[in-house]
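One chain, chain A, links the two complexes that follow: it is found with chain B in the first and with chain C in the second.
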Partner chain A sequence: MSKNEVNVQTGNSKVNVKIVTSEDEKALKALSEVPSFHEVLKKEFKVDKLATVCLIILIIIFAAVMIGSFILNQDEVMKISLRNKFKPPSKEFILGTDIGGRSIIGQLLIGGRNSILIGFAVTILTTIIGTIVGLIVGYYGGKVDNIIMRICDFITVLPTTLLIITFVVVIPNYNMGHFIFIMTIFYWVGMTRLVRSKALSESRRDYVNASKVMGTNDFKIMFNGILPNISSIIICDLILSFAGNIGIETGLTFLGFGLPPSTPSLGTLVGYARTPGAMSDKLWLWLPASLFILVMMLCINYVGQAVKRASDAKQRLG
Partner chain B sequence: MKKSWKIIVQLLLVTSLLMASCGKKQSTEDPNKSKKGEEKQKILDASGTIELPYPLCVKKDGKTVGGTLNIAEPSSTPFEGIFNSFLQETTTDQDLCQPMWGVFMKSGPNNEIVDGGYCNVKFDKDAKTATYELNKKLTWSDGVPVTSDDLIFVYNCIANKDYTGVRYDSDYQNVVGIEEYHDGKANTISGLKKIDDKTLQVTFKEFYPGILWGAGLTYNVEPEHYLKDVPLKDMESSDKVRLKPLSCGPFVVSNIVPGESVEYVPNPHWFGEKPKLDKIVYKRANPDIIVEALKSGEFDVVDGLPADHYNEYKDLSNITLLSNVERTVDYIGFKLGKWDTKTGQVVMDPNMKMSDVKLREAIAYAANTKEVSTQFYNGLRIPANTLLDPGHSTFWDAKQEGYKYNPEKAKKILDEAGYVDKDGDGMREDPKGNKLKINFLARTGGDIAEPLAQFYIQCWRGVGLDVGLQNGRLIESNAFYDMIEADDPGIDIFMAGWGMGSNPDPSGLYGRKAQFNFERYASEANDKYLKAIASEDAFGKDGIDNDYLVKAYKDWQANMVKDVPAFPTDYRLHVTGINNRVNYWDLNTVSDWGWEKVGLLLDTPEKAK
Partner chain C sequence: MWKTVLRRVLLMIPQLFILSIIVFALGQAMPGDPFTGLITPQTKPEAIEALREKAGLNNPIPVQYKDWMVRILRDGNFGQSYTYKMPVSTLVGNRVANTLWLSLLTVILIYLIAIPLGINAGRYQDSAFDKGVVIYNFISYAIPSFILGLIFLLVFGYKLHWFPTGGSVDLGFKKGTFDYAMNKLYHMILPAITGAVLGTTGTIQYLRNEVIDAKTQDYVKTARSKGVPTDKVYSHHIFRNSFLPIAAFLGFTITGLLSGSVFIETIFSYPGMGELFISSINSRDYAVMNTLVLLYGFLTLLGSLLSDIIMTIVDPRIRIE
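The block that comes next holds the complex of A and B.
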């Protein structure tokens, strides 16, 4: 456009043109420039105060848990001292103790860190696998699409939770690594489907065709062309599934199929609510962990919602 | 616990005799005195005592009003519901049958069989016989009299080749002619002699003391005329056993909801005094909700309150608590060898990690069993000293020191035996300088299981032994026993428990040929002491020579302490809660208590204030 204008105007006066073009170009550029995802996000958070507050809380929680668990010694926290059994919150034990006389606050911090790390690792791994596979499938389509998507279908119909439980029972000495591994095996499918559907429609666009005609390497098109265009969706899905993955670890541990009992976990703490009498009389056992999970989930979700809106122009608030 | 049959078998026998018996001697007759904890009762023994936190018996005067007695059966899974004494295999089923079995046989202070039930047994050591004498008026609930044929029927079923239950064991095989019958070589069991309609004589191959405790005797009758048309293979699933069993006791089943509840009404053909209750309802209740149900008066009787919830029910205003010592021993065992399936006996392996008796001693001294009993179980468990349960108070050696918590002594023993830390990692190595990594196998069960296992590990690490949970976690109960029984090579130490039968003879648990000898321990001294317990020398002029038998048991207990193939951790107290409206309940071994004597003083149950 600007080129045309310049051409039209060249006939009248060169001096004038020079000034007009430099000023116009700036204004026009500003007008036609697509704001970066980062900027949209900033705007979105500015408008949505709740999301901002949630983000701050989330950062505080993460910082507290990471620093706290770094200072604490797990062996020290999990040391059993029968005389301190079921101590209510006091100066010595800020959040009281459990049946083995172990401090709840220590377990909360270390357990929180474990849950967050597992959730984080699983989310990142599933996203990486899902994005790569999804892009390849979406880009090539046809037979590749058919074969890989049938494998995905197969994994989807498996009773995932049951398989994870079996796996945990069968492995003799399992730890966080195993846990992340087994969860990743099953949970990459969701991301693959999402990326594939987006990549499928994206790969029919003109810019992709143009790239192809120009002989660009397929992978270059995928990762330099398509990926940036669908990255906003990936990012917002990533945040929302992060919340979900933390939940899975906590839930499995609650059922008794999570991390080994000597490893503190939020699930174990919430599970104490099942002890008769604890529900009403020993709030300190399960309430902190439950609140922790509730607050964390809500915050992640609100932040996730804001990101989601930012990625979709129709929903934007700012 | 499919592999831990011995316990349950033994527990079966126990319960029937236990329920059938309650002692008046020690009962607190005055209802005011029987209030919670006011009077501490003691189990008397030749050498020592255990103090019980609650009385053994409650008896109140007053007019009873009939009504329905609600009993809770604590179980987190539906019960099987086999109402037959030789087919059923769980203690839950056993409990459910009590009102219809009543006091078929009565037990004495040592849990041996004594006269006074619906059936008396006469023993003749020289003739090697036992003679059942059924009560002349004993009648089935359909009006047919109970005869000695009903007793023979039980033997015939147990010895039948189609019988798949657990009763056909060495004790039954001791009956003359039973093996020929089992193999199909004879049509009848030659050792059973029907003297008349109410009398049956059983002849044994060997006559050993266990017979006085019921080894090779049936502790209940089954109706031959009612069940004879049902093939043994189908008996377990037949309605006659599952839904409409006959009874010769004070109560008869009126309605059964499979897996959930059983209703009893008085037996119209019962020969004894008329039952005071109109109805008894047994209902399965999840242990987690039992305390709440007790509070609201939903249950009048809960037999076996869970120890972990003690603080929630100990002060309830509407219930009275009773207690007695259970016939159980919780122990920590050491794997010392393997089971040889070919020869059917234990083979000790001197190269096991735990083969050094000094190491075993140190581990036993380092375990703080006292703190576990008092802090974890609210005092409802007693630190144990020997591998025999104090429920058999005459034979239990209260004076035996056992292994009292003494970490300094443990350290000293380890130092002397050459277990010292050579590489400076804080953990001891074995005398040869190799790393000593000890695996501890523990099972799941309640909230306590995990901190309990961790606590013992902590104790041992405290004296410098590198103990860790096998596989890094607790093992589910069935898998746990499978692993122990299969001598899983990883196991060094394991934590388990036994329920003892009414017969205290430990040869089934620690004998050379006992598969349940999970420690795989055998020694000549042990063989000798076990033989003494089961020997005919135990018979004096008339009946059992108590002095001889007490000494034999004490010798054995001392030897087990010396060799430490396993060390006991605690004995359990059995706590029963009854609503204040129940007039009579008794946990004594010797007692006149019977189901027909239980009554209610109020129409509605008392609720907690």
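The block that comes next holds the complex of A and C.
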């Protein structure tokens, strides 16, 4: 018998009781503690090496785009010099030039920054709106819930792409801010639905009821109680919709209805593929931008899926 | 069941009404009016004013909306396209058929690709085949439609010359002949494959999960212990049970294809509704634009209605009394 155990006489039986020392207590606590989302994520990325590679690629892309666009001057890049029209890749122009003699690499960097910023802005806006509306609607339920959900249903069945294009054409003096605004109008619905359904099931839980009985303020329950519990789901949806939003922005600009033509954009560069003869003969015009978008989308989505796995205990690899 | 369907149809009416108001408001916000194209420097301002008055463009906006709706609902008159110089309904009617044929071929291809991949991936879970399917699924989910379309067009159209790079039918074919139909089909294959690759993601994912779940279900165990051959268990028992919900997604699949058609048709210069929409916007042909937005909205609503109806047939639990 070790020195930490004692025999206790209870009635007719002898029971071995282990005295818990402070060190054991620490170990026990560590065992029973739920790992934070941050730690789970770290573990997931450690196991899934490809996700780590994707994350590194993304960081390199973002850094290159931000630094590159910081050094380059947009007016300088967009200056037309017809002498250099359609130059194939050479020492002077690493990726060649477009119809106006503007270097593709410069447009790629600035366009990349614009696309990332727009994707980011739309994602943040839709997430904020979706989280607040979804929480309130899911928590209170009732009439407001009904009305908001009908509005969501309605926006879902709208022909979104066509309406955005029509808005873009109608708005006078149209700029980047307008574009972000229009996209937000149509894309807040997804996040609202997600948060609402989670908040609805969460608000039936005991801890919320306990909090209510103690007289906690409703908004405090929503934002300090429910929100942290559903934050991991929001984060992974945020990453996936970030990729989606970049895709939508570049797609619309590709059709010619996203960013104004004077602003360099990845979509505009890809759109050069539609000019006669460029598709197979002037690959340098559109292929770099296409590959750039493709790599970015694959990486963001892969990282997003790793985060998604981490947020769901059943699917975790690590 | 009919009650549910009726309720869904009734629910469509206010949605269509709001959509029509949005489209009308956008039409009002657009610069110019139907006579902009007719004006020449010789036209007298009074003549234009008389035309405007006659067409009711000086009436209050609610009255104009009413007139517009009456024209559409009673006469099927969507106005006149001024780039094509023909009634919008005729113009759009020609294009709708093209888009619907393309969508039909795409849907067939989606099921042809997705069903074998999904079922076998679930059946041989964690095999090399399954891993391949998961990777394919990931890429087809992440890739934007226009990038995939351009890559396919470059590789199969321009480099390998397997498929034509645009249009819906070559010149010199007589309408109604077998060769005409085959040539049309030949033009549709590449855009349809692109749409199908993009559309398979959801179906494969769902089917794979369903099959993996079904493996441990009692009815499968019963079938196997009865001595039903493994192949038959998969092709009859499991497939039937997992496929029903997928059939119910059909409406949403069509809806997704319609909204994707703008990109696919533009890239492959396929003369359907999406391509018409983009070209009408580029030439500021507002009558055509408005009609197409309205039509797309209507078809999308119809798609979700179709899904809901199939769902109520398949799953009796969601019927509303």
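Rule of thumb we're sticking to: the second predicted complex is superposed on the first by the 297 of 318 C-alpha atoms of A that agree within 3 Å, B and C clash if a C-alpha of one lies under 4 Å from a C-alpha of the other, contacts with A are read in each partner's own complex, and residues count from 1 in each chain.
Here, contacts are C-beta pairs under 8 Å (C-beta built on N, C-alpha and C of every residue); 3 or more make two chains touch, one makes a residue touch a chain.
Nothing here was measured: the structure is a model prediction, and the numbers come from that model.
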Quiz prompt | Which of chain B and chain C A:159 touches, first, second, both or neither | solution = second
Self-check item: When both partners are placed on the shared chain, which of chain B and chain C touches more of chain A
Solution: C
Practice problem: Could you tell me if A:293 is touching chain B, chain C, both of them or neither one (first, second, both, neither)? | Solution: second
Practice problem: Answer with first, second, both or neither: which of chain B and chain C does A:254 touch in the superposed model? | Solution: second
Quiz prompt | Contacts of A:78 with chain B and chain C, given as first, second, both or neither | solution = first
Quiz item: Just chain B (first), just chain C (second), both, or neither: which does A:262 touch?
Solution: first
Practice problem: Overlap the chain B and chain C contact sets on chain A and report the shared residues. | Solution: 256, 274
Self-check item: Interface residues, chain B side, partner chain A - complex
Solution: 288-289, 291-292, 309, 311-312, 371-372, 375-376, 444, 447-448, 450-451, 454-455, 458, 469, 471-474
Quiz prompt | chain C residues touching chain A - in the complex, by the definition given at the top | solution = 15, 18-19, 22, 26, 29-30, 138-139, 141-147, 150-151, 153-154, 158-159, 165, 255, 258-259, 262-263, 266-267, 277-278, 281-282, 284, 289, 292-293, 296-297, 300-301, 304
Quiz item: Of all residues in chain A, which touch chain B in the complex?
Solution: 78-80, 82-83, 85, 98-100, 102, 172-174, 256, 260-262, 272, 274-277
Quiz item: Which chain A residues qualify as touching chain C in the complex?
Solution: 154, 157-163, 165-167, 169-170, 243, 247, 250-251, 254-257, 270, 273-274, 279-280, 283, 286, 290, 293-294, 297-298, 300-302, 305
